[in-house]
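My questions will all concern the structure given below.
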Amino acid sequence: MDIIIRILYAVISILVATVWGLTLTGIVRKIYARVHGRFGPPVWQPFLDIIQTHSRRVAISHGYMFFLGPVFRFAGGLGTYLFIPVILGSTVFGNFSMGGDVLLVMYFIFFGQLGMALGAGEGGHPYSPMGIARGLSQMSAFEVPFSLAIISVAIQYHSLNITTIVQAQQGSILNWTLFTNPLAVIAAMISLLGMNGHAPFSIVMAPQEIPIGPPIEMNGSFLGILQTNRGLFAAAKLILFMNLFFGGAAHPNILVALLIMMIKTFFIYMFSVFVGASFPRFRPEQSFRFFLKWPTAIGILAILYIAYL
Amino acid sequence: MEKKDLNEIEKEMKLANEGLPEKERILFSDARPSRVEPLNKYLEQFVNWARARSLWLLAFGTGCGATELRPLMTSRFDVSRFGIAGRPTPRQASVFIIGGYASIKTIKRIVRSYEQMQGPKYVIALGSCTINGGMYYDSYNTINRIDYYIPVDTYIAGCMPRPEALIAGFNRLKEKIQKGECDGMNKYADNFDWYKKNQKQIIKDWNMPDYNW
Amino acid sequence: MIKQVLSLVAIVLLAALIFAPMLINTPLHTSLTPLANYYATQGADDLGAPNLVTAIVVTYRGLDTLGEVTVLFIATAGIGFLMGKKKKLITPKRPASELLQNGASFLLPIIILFGVYIFMHGHLTPGGGFQGGVVIASGILFMMLINQDWSHNVFLFLESFSGFFYVTIGALGIVLAGGFLDNRILPLGTFGTIFSAGAIPLIYSLIGLKVGTELVGILHAMRGEE
Amino acid sequence: MVSPIYILILSLAIGFLLSVIDKTNRKFSLTAFYGVLTFNVLVIADWFYRFLFLGVPTLTINTAGFRAPVSINLQLGVQESFVLLFTNLIGLFAAIFLYKKFKESNISSLTLYLILIMGVNGLVMTRDLFNMYVFLEILSISTYSLTSFGKTGKSLSAGFKYMLAGVTASTFFLLGVVFIYYFSGNLNIDFIQASQFTNYGSIALFLLSIAIFIELKPFPANGWALDVYEAVDSGIVSVIAVVNSAAILFLFYKIMPILPERFLNVFGIAGVITFLFSNMLALKQKKAKRLLGYSSIGQVGLLVASLVFTANAPQHLIYLIVGGFFINHLISKAGLFWLSGIVKHENISDWNVLRGNRSLLILFGIFLFALAGIPPFAGFWAKWELVKLLVHSKMLFALSAILLGSLFEIIFLFRWFTLTVKSDIAATIPRWDASKIFSTSFLGVIAIFFAAMIMKVYYGFSLIHILPVLAVLVIDIIDFLPSKVKGLLSLLAVLAYGYYIYPFESNIQLFFGIIFIVGSAVNIISTLNRTGKSEGFYGFLLMMIFSFGNLIIATNYLEFFLTWEFMTISSFLLILRGKQAQKASLMYMIFSTAGAYLMMVGFAFAPQLMGNSPLVISLANVQLPLISIILLSIGFMIKSGSLGVHIWLPEAHAEAEADVSSFISAILLKAGVFGLLLVGISYVKFAPSFDIFYWVGWIGVLTAIVGAFLASFQEDAKRLLAYSSMSQVGYIVAAIAMVSHLGWVSALYLAFNHMMFKSALFIAVAGIYYRTHTRNMYEMGGLIKKMPLSYITVLISIIAVSGVPPLSGFGAKWLIYTAFISNGWYLQAGVLFFASAVSFLYLYRIIHSIFLGQLKYEHQDIKEAPVWFIIPQYIFLGGIMAISAFPNLIIKPLNKIAMHYFGSSIRIDGYSIFSELGHWDGHVVMLVTMGAFIVPLLILLLLVGKTQKVKQFNIVYAAERPESPQTTHVAHNMYAHYRKALGGWGKPRIWNFWHSASEWTHSLADYFRHIYTGNGQTYVLHIILYVVVIYIVMGV
Amino acid sequence: MNLVMTLGFLLVIIGLWAMLTQKNLIKIIIGFSIIDTGVHLIIVSIGYIKGRTAPILDASVSVADAANKIVDPIPSALVLTAIVIGLAVTALMLTFVIKLYQKNKSLSIDDYQELKW
């Protein structure tokens, strides 16, 4: 019984996150359009797109790994999300955070990447491995400042447990990691740019070079699943950042807490959107080098600052 | 007896792919496109509604035909407000715009791209050259009518048609989609042999499978 | 050039650092060493040979002498081995002069006789097997000069058997006397006479024969070949 | 009981008569000749037996019926008889070796040879200095003459140089003798004391000793000897190198008591220098006999040094060290020179003709290994004890020179070996000569006999430690069986062995026992795919596996080190079996040996162990000194392929046979880990003030990141996996270096995990290689359709490597990061994060390039890998899945093991594991992941509609079609952009470093060897200068 | 310091110089011969005691008086052996030179350097 309720809660939680994630995507597109001086598509356009892709009559499959790739990807997103407590103290949005700590979440992010890479790889299209090679390389690069920031945070709160970390940030806005450990946050936020894959780090999808990269062969429902995951995964990442650096979302009223979550994630996302809207794309090696230089240095400083000062 | 029949039927369902060298035949699928019936009525209406509001473009522009497509994306006309967005790959696109004359060389690419799109798929023939040959009607190396080779849903006439005309054309397409009238995919499958015959008449160096999945 | 300089340096250093101190720090002995003293006082009684050097050479340090003979022997063998078997000896363009021929024929017996004398009296007077052997060999050299062919086999047999008997006599020392090469297998006889000092005259004669034939062997081996 | 004086008498008598006897018939002279030589051996053997076993007192033989010093006396004791026994034996067998030549050549050669042997006997026995001179001259002159045995122009000029040098030396000798007489009034060394010499009088001793020393061919005054070795007939040169040298060496030994200590020390150091430089100069040598010449000279230098350095050691150690080196030199050098006579090719690369005869090849191996000091041959034990001795007497400079020299020796010997075994046969195979082979084989038997004697009698090793060698012998006997039978027998043998050693005294042994024995057993299954006979394979495989096992039950340093060396040599031979493995195996051997030497010194510094329990237990109570920790750590890290010394690793892994690589990577590397853990066990209680393990930890994490990057840039699947192993072992090393509870739990966890997934990966790649015959990944592609089972293996394995939940890899990652952060190694943790992110690059690369993408034309009809490859893969997969779903299966035991040394830092509650920082519940993760996987799958199945399966070329290709699979498959240089991004950091600096180190060493060797100008006069100059220099150094 | 020994050492040095600098093989051997002679002189000089006579017991040297009248007989015995050995070596060296000359038609030591390094 307990399990069924847990699953039910998880479903609710996932739905909320997915919807919010997709809506955020829609909002972002709208903002981009406004920056360009256009109207832009409606905010619900991502939902329409998902329905449209799912309603294709024929789907092309290159093999069972191609078939499973999107599933892996989505499972990665789901898993990542499910191990993050969304709202402090909430049973519904607590998810399965007893399964592990931030390390688990970090590695679950890889799960989807790897699955997608395999699925796309079986497509046999040359652009897929190119995109994946870029993506994995970039990931290895932005993972450095991010992990340094996480280590710094772990030192700071002497915990890797997300709930504990969120709890430690309660009380005042000044307790947020943003203010107590700004260097780590800076490093992490820069690596968030890479994670989100907006310009200048949009080398994976890079429409003009390797048209949308890995999922070039993806079509129909496969694409639909991937699109759904984009929403969920974006939400998961943002919630993770919110929890680690921006005090999490905690309020006795669950709706208020959700609202806090939405506002915070919105602004975190906006950061990468603003950067993305104002910069052109890096070349791959520029991107890797960038992450391995300044953000890494900041991350090291963050550790040194927290550990030894 | 029965078994043999089944085998024969299966063989008929396969494409011969005679244009390909022997060793390449195993690299291409030899399945024949088949008719896929729509979903039940209400479900189909719902998805058609969504399809109409989420048109993913695959633009095929030769000559001057595509020049008027660009402004569509800009802030002045901004087709994205209609849910229209470009897609870089035919796999994901649902609308195929063929702008400009189709030469004997490009018809091969047009056919291939069209066949690589996943149904339901819609075709817009843009400009006179595409529709009836236009000023190149008597050229030795252009084709006059695109709809001999692939099924076309909407024609946007003009030389060149203005963006406004294009938007009107899109609206027309949306209406047709919503009404469930755009069934080019099944039309192509039903008349596959006829289309193929026409295509092969034009394309002499046929080095691809009969149907490009 | 650099080699010359280095050679000079090496020799100067060697002379200055090693030879000079040795030269300066080894004044002449003023008395015999204990060992020499033993030989001087006991040698005559022990072995009955007036020539103490011979006593030392043949008996006290007989192993050295045997080795020395062996050295000469293997030198001969080595030279023979190196030069290889003679196919045909070279014939001089012109025969030896009459003076040489006659002189050689005349001197040969005398020289050999002299040689025999030297090694027979090795235990009494200066000289001995080696000296005698060399004298004999020089006689044979004369013969070679006048191109008088003797069968080399004679020398070969002589050499082999003299060596063999030398060793055998030495070995008899183990059985009959105190040890290997002990000369006292024969009675010591009267001090100072020719048949005295045990086996020393015998051994020295064998050495003389052996040395002589060995040197002849060397000469033979080095003769020109056609 | 024949007096040894009869050796001299008989030899001389027959020698004198030989030419006469020959006039009758050559047969008689030959009979007499061999009769005398045999007589010598028998007499000496009889005496040797008496001295050794009946305790007969030393025999003194007076000549001329007087006692010394009046007359010359000879002495035969146990040492003399030992030396003489072997010199006479070698003399006899060299004569047998030369039988054919003796039958045909001038009778003088027989005489000369006989007298030469007589001279050796006299030289060894005599106690009189002048008599020594005489015998030395007999020896020299007969040798000079015999150098021209081959009668080539070269041998003549070499002989002449030899003579020039010889007469120079004997002039000094003579001067020395007479001046000694001047000062001491005596010529008998028993009556001469060092005290009789005034300050200047010691010049006399100097002259005597330097003359003998020059006869021993010290560097650099030894050019003449090299020329002789090169030019002279192999049978004779073996006598020169072995018999002559032995006699002269003994001469040196005899005069040692009268030499002042400062002389001896200088001679010892000169010996060491000779050893070092001879071996170094030999590096550039291509001519076999000259190479052996360099080696001989070096060995004699080592012998002199060990004679000097062991002067104050206990008697039995002197016997072992000097005797060991002596025997070793004797047998191996004679054997190799004889082989050179059999092979008849000058260049070492032409020695591959030996492959035409299996037993000769084995002999060659025995001699080379013996020479290189590989166990179980005598040189190994001698070296071990010498190192211990030198360490205890604090002669570190000499020690390092000796070890460096030995390393050079290993390099050229094993280069030779690998060239012989591997290079293509170009030269024609000579006809084998029975008498030559007989002699040579005899030496091989002696070498083995001595090895057995030392192991069994001197050290008293139990059977289990000899088992690795026995395995080789047994498999060699049944080598005619088909390989499948041998494989099954081996599998049974390994299991039986595991059962035999099973009751371990500690859990950590059990843990490594599982890795070593069970891992090996499963890996053996993959070798069952071999067809034919696989001659020699299973012997060395068993040797390696038994060595693994013996490592964990070793109870003292020597057992451990012996086993370690067995492991090294067997793995070297296994690697060498690969088709192109010549360079790779050589590199492996060089690095391993360097590591082994460091370990040897490290063990020598370590305090003695008490009790009889395994090292794992007893080391816990031993305080290792810092130097010991450093050296041992480096030694073990070389074996585990740590950064800086890793360059052997990818080569060895890549070039080894497909089914060997998995052993090397999955299990052999763990031996290094095990070793490091041993050091760590002592470190726990007795951490030195300087925290060396902190830096080991840094090296570990840097290894992890560099390994990961290097792996990402490989085209060769096996090299990629090799670098991946390097990277993974870097994690393990770093975790061990933490010396904390969690660190060790994670290290062991990772070690176990790595054993399983790397075995599975290597075996999978082996299967693929078996089918595709290529290791280049870009030549594969799309194999998922053809080899789905292998694909699943690789997929699961790479997930396990990458640390993606829910598989076991994540457990390792979680443990290791938690350990690092709670241990305060923050930056190291950051580097590890980076490494683990980079690992995705190569993991994706291997799975994509091989299995995904475009299938090539030539692989269209390929089949799944053979079942023998599939079985072990799935056994390992089962293991991975088991510990993934139930991490407690492994975490709990490991926790217990680590708690043996530290307090526990984790709490296990049901399936949850809590550390002070965070928590992880493998079970929940597994369930959630399953759920998260199944739900989208169902959704997809529901929504996907009609799915059309298409083929590999049905891709959108910018409205074109792909040209060919080769051009469509993106695999070559996949991470070019990353390489570009790394810029200067991507340069192979370490490779360049070692490469230039090698180049420099060779260039230096080449530079130095130019002192041997070939001019006899210059050689004399060298000698004079050497005398002067030594004189100045000694400060006489 | 005595004259004979000085002479002996001088000869050794001269011979050595010849051995080290002369290119002609024969001359090198002559150099060796000179060294050898020098060494013999040194040996003899070691046994010499001023004012004494040869170690032969005859009318002038009685057995009882021998210890005070004769020079040291041992070096004399040694030098005998040394001379013979020197002779043997010289002969052998000359033979090598003959063979070398037969093979290469050269007497310069610089022409026999094909073995090196």
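So that you can tell them apart, the chains are marked A, B, C, D and E in the order they are listed, and the count of residues begins at 1 in each.
In this text, a residue touches a chain if its C-beta (ideal position, glycine included) is under 8 Å from a C-beta of that chain, and two chains touch if they have at least 3 such contacts.
The model shown is predicted, which means the values in this text are computed figures rather than measured ones.
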Quiz item: Smallest number of touch links from chain A to reach chain D?
Solution: 1
Quiz item: Take chain D out and leave the rest in place: which chains still touch each other in groups?
Solution: A, B | C, E
Quiz item: Using C-alpha centroids, which chain lies at the maximum separation from chain E?
Solution: B
Exercise. Could you find the two chains linked by the most C-beta contact pairs?
Key: A-D
Self-check item: Maximum centroid distance from chain A, chain identifier (CA atoms)
Solution: C
Quiz item: In angstrom, rounded to a whole number, how far apart do the mean CA points of chain C and chain D lie?
Solution: 55
Quiz item: Which integer distance in Å separates the CA centroid of chain A from that of chain B?
Solution: 36
Self-check item: Chain centre separation (chain B, chain E; CA means) in Å
Solution: 113
Quiz prompt | chain B and chain D, separation of their C-alpha mean positions in angstrom | solution = 71
Quiz prompt | Shared-contact residues (touching 2 or more other chains) in chain E | solution = 12, 16, 20-21, 46, 74, 78, 81, 85, 88-89, 92, 96, 99
Practice problem: Two or more other chains in contact with one residue: find those residues in chain D. | Solution: 130, 134, 137, 141, 144-145, 148, 179, 181-182, 187, 945-946, 948-950, 952-954, 956, 1017, 1021, 1024
Quiz item: Listing for chain B: what residues touch at least two other chains?
Solution: 36, 89, 91, 213
Quiz item: What is the complete set of touching chain pairs?
Solution: A-B, A-D, B-D, C-D, C-E, D-E
Quiz prompt | chain D partner contacts - residues on chain C that touch it in the complex | solution = 3, 6-7, 9-11, 13-14, 17-18, 21-22, 24-26, 29, 33-36, 38-39, 46, 59-64, 66-68, 70-71, 73-75, 77-82, 84-85, 153, 156-157, 159-161, 163-164, 166-168, 170-171, 173-174, 177-184
Quiz prompt | For the chain E and chain D complex, residues of the former touching the latter | solution = 12, 16, 19-21, 23, 25, 28, 32, 35-36, 39, 42-43, 46, 74-75, 78, 81-82, 85, 88-89, 92-93, 96-97, 99-100, 103-104, 109-110, 112-117
Self-check item: chain D-facing residues of chain B, complex
Solution: 23-24, 26-29, 31, 36, 60, 89-91, 109-110, 112-113, 116, 207-209, 212-213
Quiz item: Which bits of chain A are touching chain B when the two form their complex?
Solution: 29, 33, 36-42, 45, 48-49, 51-53, 55-60, 207, 211-212, 216-220, 223
Quiz item: Which of the residues in chain B come into contact with chain A in the complex?
Solution: 36, 38-39, 46-47, 50-51, 53-54, 56, 74-75, 78, 80-81, 83, 85, 88-89, 91-92, 94, 118-120, 185, 213
